[in-house]
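The next block holds one structure in the form of structure tokens; read it before the comments.
Going by the order they are written in, the chains are A, B, C, D, E and F; count residues from 1 in each one.
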Amino acid sequence: MSLPLVVLLPFLGALAAPLFAQGGRTAIAIASSVPAIIGLAALYPHWATLADGGIVETSYAWMPSLGLAFSFRLDGLSLLFALLIMIIGLLIILYARYYLKPYENVGKFYALLLCFKGSMLGIVLSSNLLLMLIFWELTSLTSFLLISFWTHKKDARRGARMALAVTGGGGLALLAGILLIGDIVGSYELSVVLASGELIKNHSLYPIALTLVLLGAFTKSAQFPFHFWLPHAMQAPTPVSAYLHSATMVKAGIFLMARLYPALAGTEQWFYMVSFTGMATLLIGAYVAMFKHDLKGLLAHSTVSHLGLITLLFGMGTNLAAVAAVFHVINHAIFKASLFMAAGIIDHETGTRDMRQINGLWRYMPHTATLAMVAAASMAGVPLLNGFISKEMFFAEALELNLPGIWAYLPPLIATLAGIFAVAYSARFIHDVFFNGKPKNLPIFPPHEPPRYMKIPVEILVFACLAVGMFPALSVGPILFAAASATLGGPVPDYKLAVAHGFNLPLLMSFAAFAGGLLMYSQRKRFFAFHERFKEIDEKAIFEAFVSRTSELANGITARIENGSLQRYAMLLVASVIAVAVVPLTTMGISIGSNGLSPADWPTLIGIAVLVVCALATAALHRNRFYALVLLSVVGLMVSLGFARFSAPDLAMTQLSVEVVTIVLLMLALYYMPAWTPIETPAGRRTRDILIAGAAGLGMTLVTLAMLTQPFTSISDFFLENSKPGGGGTNVVNVILVDFRGFDTLGEIAVLGIAALGIFAMLRNTAMTPPSTDSLGNVWSRDAYPMMLQQVARPMLPLALMISAYIFLRGHNLPGGGFIAGLITAIALILQYVANGMSWTQDRISVKYHNVIGLGLLFAVIAGAGSFAFGYPFLTSTFDYISWPVVGKFEVASALVFDLGVYLAVIGATLLALVSIGRLSPHSAITSRSEHQATVNNEQGESH
Amino acid sequence: MLDRLTFPQPYLSLLLFIVWQFLSNGVSGASIVMGLILAWLIPQITRGFWPERRAFVNAWKLPGYIGIVLLDIVVASVSVAKLILGGREPKSIFVSYPLELEHPLAIAILASTISLTPGTVSADVSDDNKLLLIHALDADNADEVISSIRERYERRLKEMFQ
Amino acid sequence: MELAFAIVIGALTASGVYLLLRARTFPVVMGLTLLSYGVNLFLFSSGRLATGGQPIIGSTEAYSDPLPQALVLTAIVIGFAMTAFVVVLSLRSLADHSDDHVDGKVSDSVEPEKTEGETGREDAKS
Amino acid sequence: MNHWLIAPILIPLVGGILQAFMGYAPIALRRTLGIATTTLTLASAILLMGLANDDSYRLYAFGNWQPPFGIVMVLDRLAALMLVLTSVLALFAHIYSLGGADGNNRQFHGLFLFQLLGLNIAFLTGDLFNLFVAFEVLLIASYGLLMHGEGKNRTVPGLHYVVLNLVGSAIFLISVGMIYSVTGTLNMADLAQKIPQVAPGNLPIVQAGGMMLLVVFGLKAAILPLCFWLPSAYANATAPVAALFAIMTKVGIYAIIRVCNLIFGEQAGDLSGLGMDWLFPLALITLVMGVIGALGATNLRKLFAWQVIISVGTLLAAISLNSERGTSAALFYLVNTTWVVGGLFLLADLISGQRGTASDQIVTAPRMRNRTFLSVLYLVGAVAAAGLPPLSGFFAKLLILDSAVPGTVRTWLWLVMLVGSFFTLIAYSRAGSIVFWRNVEGHLEEPRKLTGTIAVPASALIALSLVIVVLAEPLSRYVDSTAAQLHNPAAYIEVLKTPMVEEK
Amino acid sequence: MMTIALQITIGMVVIAALLNVYRLIKGPDAPDRVLALDTLYINAIGLIILLGITLGTRLYLESALLIAVMGFVGTVALAKYLKRGSVIE
Amino acid sequence: MSTIAEYAIVILLLTGGFFTLVGAIGLARLPDFYSRLHGPTKATTVGIGSIVMASVVFFSTRGEGIGISEVLIVVFLFITAPVSANIMAKAAMHMGIDPAKGTRGHPWDQ
């Protein structure tokens, strides 16, 4: 229970932080300390277990299917890291209290800091690799937000994004690595993974898994060649640098290597990858640190170098090296955190971090200077300080490394060289800042000692440097042992924690480093001159350029592919269909099915020839729009004749009515459009289009041919058998529409209604200017309503209503039905609009078409829902035959009500659509008075 | 309110009733009932479109008129067919026919009659309903066209509409 | 008969697709209409071709498959609604961009060229 | 027969019809009824999810006609999941629209509800042709919604969307014709039964028909190379519409899952796993295209629109693994991405309301109001969408990565997904840091007031990713069972034997 | 005998339709095309009726009636467009 | 079916076909639009009229009761054909389509 508590408390604290921020910096600092204090108290009882090499574990199920559990593990290694995180965290909280200005967003700062702390604790305490990965990526995110805390600073934003990209990207590699491990081992639980070292290392996927995991570790721990993000992360407030970028987060990669040491280490691949990376990082970091004028830059590169050192130690693969690595983790955290804090104080007090300006601070802030110098000495590896002991161990291990032949000299050489640099930059830190003459152009002058409490964290850490340096066994012995044994997952080799091991080769190397380092520092001008011959690489600029180039490139690619051309999109769609259909169809070939071809009669063939010619002509002559429209009408007419010819009277009627309404619609549109379509597609593209169209046409022909000649049975026998007894109608198509598949029809009229409502909505407030002349340049005729047409149109209305009543009533038994009847009524009304004009007709129609649509749909729904009353499903129809005097026997069917709904919806939708377009015409600006009034009233109502 | 229950356009209702009998392929009990219902209902629905009073006065003359027209159609069709198949260039003429009828419906019926009978098409009516533009496919002169129409159709229509 | 019918569907599809790939809204709409004719005929023919087999009980000996007919009826109506919408959308696009290009761009207005083989008044005056 | 099965259909239908009547009614009434309808729809969806939880298939036969003859609705876990997913999204999008987006169009609420109607039919139907009808209902409503709002910039994307979908509908019909011409049936369960018995000579027709059907679904799902209509259309839609559209591509995904598992599932003989070999590479290329689009996006809406494409690629990649685990992972991801992307579209609108003429463009602008609130929302949304821990997107992605079995497919999947994630991360961090942090001095024109009506739905949708994390286990159990149910089509076929209501 | 007469009649109507298509394609003017289309509608009516006689069923007659109604409205709309531009105003 | 009826049908059919064809020939070969306008509006009405009458006779003499609903088709055509002709003529005159040479009189200005 205590472990999840330790991890979760900081997150809870983060939620509360903004509240405490109201109470000022002290209040929030105190409140923010609570999680760590409770955490430390919670861990304390477990010490006894851990000291004996025991493990504390807690686990809660989360997503068992994924192998993800909310499980935690406390052993020596995690304890060591947890202590570093919490204790240094506490010091940072105190330090930040004075570092931040009162006007800054301290609530956000402490909240993020606590989030980060919780995530970090999560990494080290997780017992499930997936869980650990979650916290891992969370540290990337929170560090991103912390680095960019001063969002107004461009470099802060860039540094943050770079850090996120590198560490977040590494996290993704780690994710893959962990998944592979989980795949090999069959579990993500640490206990299982650590116990399966042999299995993993012998698995064929081991090299990939290892590479991926190391990518995660190296990016996080700023190993070469991913080290570049760390110095740029120094744009963060100094408490963040001290905490994240020296003591904790960058150690997460180290922690990962330590954590998975039993599972992954000990192979040749591990050795080469880890130790060479470490070596390179060690050297490059140390070298660059020497030449940084920025205090934090120096420290950052030094950190890179020390991280390389630790990595190198892990890479060596010997148990003793691993112990040294763990030990150096502790030491580096202590001295580097204190150095960062000191640097922060100097920055705070002088207003700059440029060592070329900062000189002779000894005179102004001796207390701080003393602390900083001790810490820097530790960094340089001065005896009696903690840095010395682990560095000695490092030198010793470097000598032990058994590389073949002459390569055996490489590690000690590099170690010494790095030592020289370390001494040189440490010396620079001490001499250049606190001595070396007088300050130059400090923004704040004279500098003062910082507030008392700001120094306390530094003092504590420096004290720790001394304590560990002088009494290593006493101070860190037990925890180091516990951590080392947990790292190795087995017996810990003999090692001696002593201030000095007598005169040996490592000591000699230390001396060489000291001598060389001091010499180098004394000759710094030459080295600087040498270094300046090389152009400094600005990784931030490179990264920015990378991002913006990527972005531009992506934009360019997108713009080229997604170029907003419907012609292209449509071509792709058609081509896709041809592509997927071509394989099965080519295997089929031109096959005529077993039914063979039936004889053709020549009138039908002529009709078909007319249809084909007119269809092709529509395409070929489409540029003359009116002409094409007439041709299209012929095609529509021939299609409906075709339906009649092939036994579908209902379809013939429907197709015909729809075709005419469509033509009217297109006419209405054509009024506003150019009469001609220009040629703008290049000939090559037209050829391509013809080929695509031809392929589509050919494909359809082949499919149709194959389909039509195959024997076939379908479910339709049921419809034919049940139409009369079950559906009460002899027109099977109609019974299917209103009964068997009435739900389709409901959807269909809904589509129609929605389309009309959408059209109405779309054309509201649309103003169009029609051309004043026709395509020949003639001014349009003044005669809007020819007298002959008017005279005939009016009697047509009742007549057409009569016919539609007839078509409607017989629909259930004979060709016809609500839809066709509706279209006839609609067409008759359209004729009124055509003959008599908009306002005249509108004045005579008292209903709103919206309501007709709604009523139609409602009728259909009510007809369907009526069956609920009798316990039947929606749309269950019923019918009966009634005998009346005079009238005789006639049928009453509930489906008729449904069909009435269809009828009304069709009328409403068709007319609403056409009238909406007609209303665009400037001649019809004055609609009927009632409509106009309703609009006005409603708009007033809406504006309130 | 009571007029809501009547037949606002008796001629129309009658016409609709007859049409319904045609649609029903003959007269039966059901077709009469349904025909009555529709002959009442549809004029009620469309009454907004018929604000004018009834137009016909002497409707019983209509069948005779129709008979004459049908006869003319048959007779003239043959001559037009001859013309078309014969290969002789037709002697076309546009004729402006001065109308004596005034009622728009009457004019429309006349114009329709002219169009239906072979050899002539009424191409336009002037805005003031005073002139009718007729295109005759094959006629010697305008007066011949005018007088035959006047005599054969317009006179009868005037009797019906006045 | 089947071959002729198949050719009809092919011709409708080809014409429809060709027009669909044009750059102006009006031909595209016409293309969609042609395409939908082809598709409707195709769907209809999935029940096979029959002469005088109208699925009205009692009207014939052998009925043709009524189900595709019902489906096509639904498809026709839906196609009609969609066509109406796309026509209006074309108008709206024309109103918004003063151009009937499918991509809304104001094109360099190209004078319509004369189509070969077509003579007469429309061309003479256009 | 349990009438509740069609409640998610009847409720929005009746609600929509009422809205059609109320075009000129006071807006308050329209709003109240509209939201009430959406809420009821959600309630009914949740109810159905409760029913579906017992792993059975429930059938509703319209007109009391025995399948395969009549049209049936079939409730299973997948259908219930999609219903809930949609209704939740719809409710928040609908509430958001009350912030003013529903103005200037009397039919907005009607169209919105009809859109729901179409979606719900699509998820419930057990009939191939009825699926077509459902698609048409939801499409026509979406056309109307897409064109809703002021300004001219949505006309052309709308036109493209409509035209392409009309072609898609034509292809759908052709496919239905091809399949019917061989099998003689339209009922999905019946098809599942008949496809294995298709004579070898007829196989190519069914195969071509099935593949064309997948092209149609691919078009709806916006898979490459059929995805280019989407970014502009979504980016130019008004916020609640764009948010609701987050489900639109998922309809295509749903249809692919349904058809591929049921009709061309394991029992389908020669046609088993139809199109899956095409789907996988296309899905990955789609994902890559989505990432490229996101990287190149110049405004937030475009970025989120490309995120939709990324999601589609990811989802289809998982589905094309054609395994129970892959399907399960895809479903988990589906839930996450739908809600979060919906929320992000709303957020984009909130942000643009605070940035004056800079709107949602990824450019330097005066510092916005309510920056903290909006930036936190953005952060959460971006983390969830990009699939970073600790939000639901990560779990979803993890499930997908984990579901692949070792081999070339897995290598490609991991490579593309992880590298894709990396660049997505860059895209989001770049966009966020510019929009929120790169400010210039100066005053902003009157910012839009951040009322609860608009802030709450946007936050709620994004915050759902947190809820998913907490409920990861029950959700993953649900999707696991769903996938298991989907991969056992034999049980689905049993619905054909459901007895009808006896005559009384 | 009737069958032969029916065949001949169908043949004549089909040839008539072909001639109309010829006029429709030849034009030369838009009204000619509308006129040809209008005539084609009428031919279609004839064909439908003849089909009904051939099949011995009255079920197609309403289609013919519908062509009469629809053809008229179509012709009117096309012609009105030619002279007035706006069909509904 | 009686022989008389059959003869009637045959005659009606052939008449109908003939006039339909004549109308089409007229449309195809008459010299100008205004002349062509005569073809369909005349011969076609007679043509369809005859065919419809053939249908009436055919169905009424099959012993299934009378079938007269197709008469409405003719009535409808008779009402509408003149209007179609009128409005097409107006369109042609509006477009300034000239009558053939040798036509006397002239179209009206629209």
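Some notes on this structure:
Here is the rule we go by: a residue touches a chain if its C-beta (ideal position, glycine included) is under 8 Å from a C-beta of that chain, and two chains touch if they have at least 3 such contacts.
By chain, UniProt protein names: A = Monovalent cation/H+ antiporter subunit A; B = Na+/H+ antiporter subunit E; C = Na+/H+ antiporter subunit C; D = Monovalent cation/H+ antiporter subunit D; E = K+/H+ antiporter subunit F; F = Na+/H+ antiporter subunit G.
Treat the numbers as computed from the prediction; the structure is a model and nothing was measured.
Chains that touch both chain C (Na+/H+ antiporter subunit C) and chain F (Na+/H+ antiporter subunit G) are the following: A, E. The most centrally placed chain, judged by C-alpha centroids, is D. Distance from chain E (K+/H+ antiporter subunit F) peaks, on a Cα-centroid basis, for A. Greatest Cα centroid separation from chain B (Na+/H+ antiporter subunit E): this falls to A.
Centre-to-centre, using mean CA coordinates, chain B (Na+/H+ antiporter subunit E) is 61 Å away from chain D. A straight line joining the Cα centres of chain D and chain E (K+/H+ antiporter subunit F) is 48 Å long. Once the centre of each chain is set as its mean CA position, chain B (Na+/H+ antiporter subunit E) and chain E (K+/H+ antiporter subunit F) turn out to be 22 Å apart. Of all residues in chain F (Na+/H+ antiporter subunit G), those touching 2 or more other chains are 18, 25, 37, 39, 67, 69, 72, 76, 79-80, 82-83, 86-87, 89-90, 94-97, 110, listed in ascending order. Contact with two or more other chains is made by residues 129, 133, 136, 140, 143-144, 147, 156, 159-160, 163, 167, 174, 177-178, 180-181, 186 of chain D. For chain A, the set of residues that touch two or more other chains comprises 564, 566, 570, 574, 627, 629, 645, 649, 668, 670, 700, 703, 707, 712, 714-716, 719, 740-741, 744, 748, 751, 754-755, 758, 762, 774, 776, 781, 783, 786, 788-789, 792, 795, 799, 803, 814-815, 917.
Of all the residues in chain F (Na+/H+ antiporter subunit G), the ones that touch chain E (K+/H+ antiporter subunit F) in their complex are 6, 9-10, 13-14, 16-18, 20-21, 23-25, 27-28, 33, 36-37, 39-40, 44, 47-48, 51-52, 54-55, 58-59, 62, 67, 69-70, 72-73, 76-77, 80, 83-84, 87-92, 94-95, 97, 110. Listing the residues of chain C (Na+/H+ antiporter subunit C) that touch chain A in their complex gives 1-31, 33-34, 37-38, 40-42, 44-59, 63-67, 69-74, 76-85, 87-92, 94-95, 100, 102-103, 107, 109-113, 115, 118, 121-122, 125-126. Touching chain F (Na+/H+ antiporter subunit G) in their complex are the following residues of chain B (Na+/H+ antiporter subunit E): 19, 22-26, 73-74, 76-77, 80-81, 84-85, 89-96, 111-126, 133, 135, 137, 142.
By the touch criterion stated above, chain F (Na+/H+ antiporter subunit G) contacts chain A in their complex at residues 72, 76, 79-80, 82-83, 86-87, 90, 94-96, 110.
Residues 12, 15-16, 19-20, 23-24, 28-30, 32-34, 38, 42-43, 45-46, 48-50, 104-105, 107-108, 111-112, 122, 125, 127, 129 of chain B (Na+/H+ antiporter subunit E) touch chain A in their complex.
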